[in-house]
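Take a look at these structures.
Both complexes below contain subunit A, partnered by subunit B and then by subunit C.
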Partner chain A sequence: MQIVIINSNATELYVIHKILYQIKDIIYYYMSASENVRYIKIQKIGEGAYGIIYKAQDVQTEEIVALKKFKLSDNEGVPSCALREISILNQLNHPNIIKLISQIIINKKLHLVMNYYDMDLTEYLKFNHEEFHLKNIIYKILLAVEFIHNRKIIHRDLQPNNILITNNEPVLIDFGLSRVLSPNMTPGVTQLWYRAPELLSNCNTYDYAIDMWSLGCIIAEIALNKPLFMGSSEIHQLLLIKNIINGNEWFLHNSQFAKLNNLFIDLINVCISLEFLEIIIS
Partner chain B sequence: LNQTFLQNENDKDSQIGGFSAETLQALMLQEIEHFPNPDYMVSIQTQLSPKVRAILMDWMIDVCSVYNMKRDTYYLAVAYVDSYLSKKSIPKVDVQLLGTASMLIASKMEEVEAKHVSEFERAANHGYTIDQIYQMEIEVCTVLQWHLNLPTINLWIEFYTNQWDNFITDIQKKFRAN
Partner chain C sequence: PLEFKLDLSMIPQTTVKTEEFYNLVLQHYLEKQQKPTQFLTKDNKGYDGEERMRFLNWLIEITNSYKMNYSTFFIICSILDEFQKKTQKITRDNLYLTGLSCMYLASKFNDVIPLRIDQAIYISHDRFDRNKIFKKELEIFECLDHQLNFSNSFLFLTLLLRLYLSKVKDKGDDIIEI
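Showing the complex of A and B:
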């Protein structure tokens, strides 16, 4: 059974909610008795090439969870992004990385059950927060990324939308693009604004450094409250990166970074260092 | 190995055989946790013999080399076969199906562009239908409890050869100093 609420205003929603709340136990009883239904879909949250993400409720524990649905197509079987995501999440156990509660196959569809959080970093940054909280978030993200890199895994899709915030603590999600480090990989990963120069120049022998680049962009975004490089195409993105560099001295000429602490600029510089690119050019 | 490990334990940034100490620790824990049962031929399997496994491995490496797959892909597939066999007994007829499904999963996990199922179907000489391969794929995943990032033999060979290289360069340095 699937409950979808479309275009309802607040009062209608309230009424529906009230009715549902009253007959909740009855519905749950019949559903759990009739089939092996464990989760009820409440709402669609997101959609991608891989499948659809739903907000859902666990019938047994009444917990709100996120359901990620993959279709097992005739063309491919279990999609490779699903295989990688499940196997990677299964081996990661860290407070700042999303937990995979279980994976179930119903009617040739693979569902991943994960914890549900309702706010991501982009939304979080729309409000004003104390510096202490922001620093804490940056620190915890760095710890989480170090944790996955220590297990030879590259995330490859770090961006503010993939960092959820709950009680001022970050949670890393979406390992659909991540994989174990290998000598040959596809360069078409990461969202354009957070894509490292080696990926932009179509290099397929990159390593953990691409995650560090994305992290640098995210940290700068937290500090500036807007994305650092907002390119419209790959060439434009490279141009923006080139414009902000003045030789090897980063940002120091740039007035928008004047208010930041020197240590902070150093941190961004370490993340967004061009050493790798220089090796390629020379 | 133990000596070098202990020597470098205090130094956090040191690299052992190309891995940092923490990576090595994580990989070793994984290896201990998912190590296949060494005598599954006797204790778990009823219809198989070591010779059957050898024939399967030969066929798999043939397929992998014909389709130009990475070396890691083959060893990952071998790891899946071994851990499946050490958990569940299968009839002799399905051994090749298990190998095919393992190669399919491994190619999806490791290759940049995964090979299509029909190619594996052709490699198995159409002995199994595509639906059967898909079914086996899901079964392998569930039996392994979706722990598909296994440290392969190839990784450990790399680890030991890197250490050997370091050892040789050290000796050469000493030799030149004298």
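Showing the complex of A and C:
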């Protein structure tokens, strides 16, 4: 670094020298940072219970990536959601599922490096789109979920915020809650509006059906442009769901479904099947 | 041989016969399961088949008494074998540290309520401190290419049994005759 000073007398020089001396640590820090640090954080995008997501730039390739920083609970080593997310994402290689580029440790904190997309499904639905784009998105989401289920993995957090859209193609993200099928699991997963009735009734032997329920809600949301069940609490949500016990009639009487094709209603009806709820009530 | 017993409380509609059948298949599987023989050392200092068996039996006890998922035991098994296959660094001296770290890792991966670090230290009778376990844990995790999702026969067995139970819900309890 060179500083050229023209036409200056001794006192000015002395002042500048003093300032430079004071900020020399900062200058050295930035000069060394560019060599050691591969990713530079640009801004914070989101925050959750698991950690913080940053938008960042790769210094070497000048690519924009998303950095997911895990809050390390101070005394538990690698957090369990990170363990699950990394080992599950490493297994999945599909065009409609987010790719894990690498995982790095900065300042003893675990960071996941992933591709960056700037629009999610909720934002995407705020604008008007061609019908075949929407159909394509639904189809691709179904394919991706089938791909996950074939590998005995349950996503457990399907919601429009976790589906990103790039060039009218969906990408599934956030596998922090997902896990391999096992006989005993926690019921408190998925966002409330997309939570299946078996989860709402605190059952811990559920299976892939909970993902299908969320999918049904998402598909209806894409068609109607507003969420299907908007409960304010778990009880309220169950009451809303109870309305559709006689599925077909409910769909017929509900005016908002009038514009939809019969086949499409069948698709939603299959996803939000109520076999489980009928068992509870009877 | 391994002494692995299941109680099938989490599977609905179980009878005595189901349990018998399940244990039978499991015993059979455990006997036939391929031991990674070429990676087990034969000299006195090393980690041989007998030592492995003794350790796995101890693991079964621990996983039972801490109420972990049944599949956790099988995941620990796979992690341990895979680690030995990749590094061949396990000796009789560091077997317990490695195994404990494997257990801690697998429990965090697979259990509803994961093992806490103070429990892990308690299991080791205060022989290892937390930094030692964390360091080993990270080493194992990196060594396995961040991949803990091993498929094991236990999972298939569970799926098979579930499928069968859902098919014969009303046919009674003739489960031995699959």
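The rule is simple: the second predicted complex is superposed on the first by the 236 of 282 C-alpha atoms of A that agree within 3 Å, B and C clash if a C-alpha of one lies under 4 Å from a C-alpha of the other, contacts with A are read in each partner's own complex, and residues count from 1 in each chain.
Here is the rule we go by: a residue touches a chain if its C-beta (ideal position, glycine included) is under 8 Å from a C-beta of that chain, and two chains touch if they have at least 3 such contacts.
The model shown is predicted, which means the values in this text are computed figures rather than measured ones.
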| item | value |
| --- | --- |
| Fit or clash between subunit C and subunit B when superposed on subunit A | clash |
| Which superposed partner A:Q103 touches (first subunit B, second subunit C, both, neither) | both |
| Which superposed partner A:Q91 touches (first subunit B, second subunit C, both, neither) | both |
| Partner chain in contact with A:V180 - subunit B first, subunit C second, else both or neither | both |
| First (subunit B), second (subunit C), both or neither touched by A:N150 | first |
| Touched partner set for A:T205, first subunit B, second subunit C, both or neither | second |
| Touching partner for A:L134 - first (subunit B), second (subunit C), both, neither | neither |
| Shared subunit A surface residues [contacts with subunit B and with subunit C] | 75-80, 83-84, 86-88, 90-91, 103, 152, 179-180, 182, 184-186, 204 |
| Footprint of subunit A on subunit B - complex, ascending | 20, 22-23, 26-27, 30, 70, 72, 104-105, 108-110, 112-114, 116-117, 130, 133-134, 137-138, 141, 145-149 |
| Subunit B-touching residues of subunit A, taken from the complex the two chains share | 72, 74-80, 83-84, 86-88, 90-91, 103, 105, 150-153, 179-180, 182, 184-186, 204 |
| In the complex, subunit A residues that touch subunit C | 75-80, 83-84, 86-88, 90-91, 103, 152, 179-186, 204-205 |
| Subunit C to subunit A touching residues, read off their complex | 10-12, 69-71, 104-105, 108-110, 112, 114, 116-117, 130, 133-134, 137-138, 141, 145-149, 151, 155, 158-159 |
